[in-house]
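One chain, chain A, appears in both complexes that follow, with chain B as partner in the first and chain C in the second.
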Partner chain A sequence: MAFNRPMLRTSYQEDTAIFPTYFQKGAASLFFVVLILLGLGAPIVSSIPSFFLGSTWINPITNMLPLAIAALGINILVGVTGQVSLGHAFFMGVGAYTAVALGGNGDEWQACVPFHQELGLLEQEGQCGLGLPIWIWLPFSGIGAALAGIIVAPAAVKVRGLYLAIVTVGLVFIGLHLGRMLPSIAGDFESGRKWPKLDFRLWKEETPLVSFTEDGKWFGLIHLTEEQKQYFLLIMILGAFMLFAKNLVRSRTGRALQAIRDRDIAAEVMGVPEFNYKRLGFAISSFYAGIGGALWASYNGRMAPVNWSLFLSVDFIAILLIGGAGTVAGTILGTIFVELTPEVVKTFTEWLGEQTASNGPVAWLANILLTEGSGDFGPISTGTVALGWPMSVFYWNLVIYGVLIIAFLIFEPMGLYGIWVKVRNYWKRWPFSY
Partner chain B sequence: MAESILEVEGITLRFGGVTAIHNVSFQVNEGELYSIIGPNGAGKTSIFNTISQVYRPQEGEIRWRGNSIMGEMPDVVANLGIARTFQNIELFPQMTVVENLLLGRHIRMKNNWLSGMLWTPKARREEMENRERVEDIIDFLEIPEWRNHPVALLPYGIQKLVELGRALAMEPELLLLDEPVAGMNLEETEDMARFILDIRRELGIAMIMVEHDMGLVMDIADRIMVLDFGEKIAEGTPEEVQRNPDVIAAYLGSGDLHIGEA
Partner chain C sequence: MAATMLESVSPKAETMTVASLARDWSERAPKQVAMREKDFGIWHEYTWAKTWDLIETAAHGLLASGIQVGDRVAIHSEDRPEWVILDLAAVALRGVAVGLYPTNPTAEVEYLVSDCSPRVFFAEDQEQADKVLAVDPTISSCIERIIYVEPRGFGDYRDQRLIFWDDFLALGRAHREANPGAVAELMAAAQPDDIMTLVYTSGTTGPPKGAMLTNTNAGFAMQKIVSEPERFPDRRVPGPDDLIVTYLPLCHVAERIFSTWTLCISGASLNFAESIDTVTINLREIQPTVFFAVPRIWERLHASVFIRGNDASPFKKLFFRLGLALASRIGAAKVANGGEHTAKSRLLAMIGEPLVFRAMRERLGLRRCRYSASGAAAIAPEVLQFFMGIGVPVFELYGMTENSAVATCNMAGRLKLGTVGEPYAGIGLRLDPENNEIQTKHDGVFKGYWNKPEQTAETFTEDGWLMTGDVGEWVDGTHIKIVDRIKHIIITSGGKNISPSEIENSLKTSVFVKEAMVVGDGRKFLSALIGIELETVGNWALRNNIPYTTYRDLSEKPEVIELVQSVVNETNEKFARVENIREFRLLPKELDHEDGELTATQKIKRSSMMDMFGELVESMYA
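Moving on to the complex of A and B:
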């Protein structure tokens, strides 16, 4: 019986450690080394992602990192505090707009004031962008989004469960509307505008102190490409935010948030002010969203307001459901899965397309799966527009998500994290099978 | 005469047409074990809910150490030093025993979201110190083997103990126990009675205990109040209450309990 196992850990310090056992410490260190080797493009290690994602694998992986930061935020609100929100895309947008207003290129500061003497409220002339450096626009993108969260909180804490989800959908539409109303900040609704780059400047000098957007030697040591630099930068920021999230959950505030999630009235009777903590949950979650949104827009370079839509919010709910809500590890697993699966499917289809020309069993399989027109009943369409059967890769991805979410809800509510725990416990008990 | 710490004066609580409590007054003294009994639906749990301000009585006054607590939020009442357990266990099911008890330490701790997220040395030290307090309680309740289990997986009797532990972790001056031994077997009941007496003797915490187990109540309570249909029908020592004809009538009427067995 597992229950009577003696306490093997010697101090409470170790008990609350992020990686309590030597095995976990070792595994985490190994993982860290692999991440560095990946970034350096080490031959054997990077053959794995390039098998699944093609030779430009570093791009989808780097693109995923800011989204992982935002996902950590939705986990704090939904997984830890228990407040189901579909408004995450809105807060990401607030963060991104704050970033572009502070850091982007623009005209006089008057262009940032949503008021014009002749044109009226919400009307501006020119483009807003103060050209400030990243150490200003990045923190403020988090703070701006957190403030939005604090403003929304009083209305949001009045409603629960499904109603809260519906109310927060409203936020996304308000955000989209504001994006349309404020083109001097958001840019053209369809094509957007340019975001500040990830370079580090002390102030507004021409050549950045540390450049993340040009190939070159870093600190005179190693030669890195632009992609590699951004990969390292974003992975470091993500690592820090993972640590903060983990610390939150294992300290007083995190317990109070979880208590509200589990039983709000009992939590109050134990001395946890419900409203304050729900508001705090919104604020921290929005802070993460803001940082994630700003970095995502900055990494992509150009961003249109339509990106901060309900689809993005729904992606995050899928991340939590597939990864396992409530844990940092589950959130990261979910993000990797949800953001990279479409890329893997795309790579696979492209590979299949190349195989049709050859001979042998693979070509035969490829011919069965792929369809160019509407003749041969292959399930995957390679045409650009495809409604109905055969379906394009895009729609296959949607189907895969749908099926996965339903499967997880039914069979493994703890998501990928739950599966991992089961596998781990199995090996712990090995060779005993009970 | 000991000093009274809690004074309840003429409270009336209505839910629509139902009067759950009607003009009930009582007071609890420093270090006293006060018990509230009465048939099902008499309004016992409702009294607890008005003290912790989960329900707001329409009439009356509740004073803690001379100051009114009417209209305060439940968390403010908790901060004053009033802790409780619940009739239908209200633990945080996804959290472990240790985490549940640490949550009880919430009002005694200071680290906030920022020091927590940064895991500052001060926050870490506070977490460790409070962890030690929690371990003391776990040892006191003799449940060390369950400490790292999510409470949802624990047997009912252990959950009842964890709830008591969580309330104790708050270091209260008044402890409200809502049917602490309901659903427990004889052995578990004896253990719980021992813990309650230990709490009183060693910590000197005043308690209000709602309980249907007359044997237990008559054994350990200093004073008893009897409720029926939301009204106070008797108050006194166990002997006085047992001899009171109104009480006997109320219980015979409900066929609920057998005072003679005590």
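Moving on to the complex of A and C:
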């Protein structure tokens, strides 16, 4: 409101604004500026991630961004529409393989695996890949996944709750099976194949118009490294998808989806066609998954079919539970938490290792926590793969995960976002409690 | 349209009416917001241009409905823009707007219709329309049109007089096409002496009487109450930047002045609360800058602060207590200094403001309130002092329907707590030397009661002063303190004169007491009938593990009687021995307008209370 009365809304536009108050507008712009400064490696701002994630902090953060896009997708399906799905990894895979089929390089052929030969799957010449530019393969990776969602939807709409979760788990296994059976698309089951790079070309020309995978000056202005360029590109794409997700929730479609979440029968009574909207929910969610999957694979360069497994789907459920289902901010928070915690733990262990090596001030702590070789009895093993006690960092991360999910389910079902809401409401009601 | 009006009417020759003021705003500031109404979660805005267009259309609609000069237009509705539009449209036509309380039951509607015989009746919804349609046809035959604005439920109503608001406006538009300038002509012909409204008195003692207020009365009230700079802190009179929340019945003279007339004279925008139940939420949304409330509302706000504060989490409670301690110091300092800050209180406020007060006022919806007033009944000084302490500038004022609410008022910087302030500059106000009755004489004094010449004559002294019926006394020779209504003064069998209102208000400062009526006329000692506040006492009972079922059951619990006894004891400590309440009884039911125990303004009807609860009273003196 023009005269600073945030609760006095004179139009529905004002009522459903993404950032209704000046404070929120300010906070959002500040956040945006911080993100840019981070990307540019501004001294004070970037010291925070480098403290937690080490000097190569930009890599785990950039790697997280495509996953955040996919997480927004699962939020639309689970958080907004209320359809519990464990099949997100499948849709991400569909998106990624659509991308590689359209944009990948067909000439590159890997060492083949005997298994495929036995089955006679390698009679075709090489892998399929049309080498098309990003402006074709990226949208189609989303569309491809969305189509898969639409195809699956009729089966999924018939079942609810736990049964839906089981049905969607089935999808993941179908996906894994297909990955094994179609080496011309998926490449070798263990080592996978190469994805198109994040380069912008008009068509199939040699030198890309804008390259995100080479260091260099951008627009003749700023010198950026490869990592920084990818960071900016993915941040922009993520921003656009966040905006779309926010907009969706406040639209007629979004309200219909939420009505179905809250009570599907009541929603139908109110005139919301349940089937159509559930299908739409699947389609939009899968679109996000497809884009996220394609970008993730492209950023990582090489992916094996085994990556699109149930673990990835479970990751997204963890993101929603820890972040807070149903909200964009919560989803992003959850992604940051779930994807970066292992990195932080890793950095911490590495730092402890350094402390022991250099006999630093907390070497005693490192001594207690770390196990190096036999005869030492810290809980954390520095060996790469170690089953049993002491556990490696990788398994510790899984344990932390499990504990966190249980803790959030018990103490804060609304997730990190719920904690924020509680804190906000505490001050909103000051000096009263209601 | 506007141009032809200006050509045909020279503004100076025209009598100022609320309608002409509204028209002037629409010419001066057509895009400025005049009113806001909340509908489906959104505050819809009415600009002055739109408002005046609606008023003019409605006026043509009234003309098409056969309204002549002096005809009455009855409005039976909750506060809503149509109330104001129809009110001003009636005035534009030199007609008379009559407001009915939305809570008026059929019997009272019948009485009012027979008393003022309106030609057009505005019944907002099915509920109000049912009441007027139930009126004896011989009485309601004077009504030619019944306008409704909420169409829900009217599907199978066959009464030919019923017309939907939009159709009524369409009628007006057609009439305007055919007779352009008809309204402007009538406005030009307005006389200062034209009756512009009938305001029915609440009728604590007999049937309501319709006080006739003229254009002169209204103009005088606006000039004195709204445009008097001395009343406002920093001498800033209300203006177009101010926001008002309209929530009390517009048929009451106080709300009419603070809403409709303030809108017309100052351009401050009116914001209609959705209903009396949502006032708290609406206040928070609007954050009005100018606020008027009756004591009952102030008491409720006051109680809600204490209840919520004491229910807060321990850390918050700590700050809440700190805030209360600061507020009481600041309040006391301000009271001692005419309502203005002293150096010390300003310092304390600087501490309290960011910690508690600003947030607290925001929750109440009074954060931006720069002027607020309490009137229409007596209020306990503690309540006002509390609000002054947390930074809400609140001033008590006094007036009555018959003098257009122009009598006394606390001026900014010259406030005296416990008084209703000083007489407005240049008005006649005196105390009758015989019985200390307050009497007024000025341009705001009404023309008389509608169709009741004898009763009109009874309210005036032989030399033409209006007898208010209130006993007052001078404080320091400048301020007036209201003792009580003459009729309420209790003379005990010991011959002592006692004013019950003060004792009643002191009882009502407790959050547990909703109603209190002190009796004792011609008796040996004072006693009281007390009605508990269901919400707070119920909450208290719950927390003390006292099970109860109904209001009656709750008020018969010995623990509750004990609780009220402690409230009575507290009050007794404040008063002299003869003014002490020796006995009390709790009322077995909640008082209600419909049952005839309260007036539409929620004042206790003493006579009918004695009829209803006579046995209860006798049991105290047995």
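One rule holds in what follows: the second predicted complex is superposed on the first by the 390 of 434 C-alpha atoms of A that agree within 3 Å, B and C clash if a C-alpha of one lies under 4 Å from a C-alpha of the other, contacts with A are read in each partner's own complex, and residues count from 1 in each chain.
Note that in this section a contact is a pair of C-beta atoms (placed from the backbone, for glycine too) under 8 Å apart; a residue touches a chain by one contact, two chains touch by 3 or more.
Everything numeric here is computed off the predicted structure, so don't read it as measured data.
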I'd like to know which partner A:251 touches here: chain B for first, chain C for second, both or neither. first
In the superposed model, which partner reaches more residues of chain A, chain B or chain C? B
When the two structures are overlaid on chain A, which partner does A:12 contact: first (chain B), second (chain C), both, or neither? both
First, second, both or neither for A:370, with chain B first and chain C second: neither
So, A:156: does it touch chain B (first), chain C (second), both, or neither? neither
Counting only touches as set out at the top, which of chain B and chain C does A:38 meet: first, second, both, neither? neither
First (chain B), second (chain C), both or neither: which does A:270 touch? first
Kindly list the residues of chain A that each of chain B and chain C touches, one partner per complex. 3, 12, 15
Considering the complex alone, what residue numbers of chain B touch chain A? 52, 54, 73-75, 77-79, 83-84, 86, 90-95, 99, 102-104, 106-107, 109, 111-113, 115-119, 123-124, 126-128, 131-132, 135, 145-146, 149, 166, 170
So in the complex, the part of chain A that touches chain C is made up of which residues? 3, 5, 7-12, 15, 429-434
Could you list, by residue number, the parts of chain C that touch chain A in their complex? 36, 41-45, 241, 284-287, 308-309, 311-313, 316, 319-320, 323, 356, 359-360, 363, 368
In the complex formed with chain B, which residues of chain A make contact? 3-4, 12-13, 15-16, 244-245, 247-248, 250-256, 258-259, 261-263, 265-274, 280, 284, 326
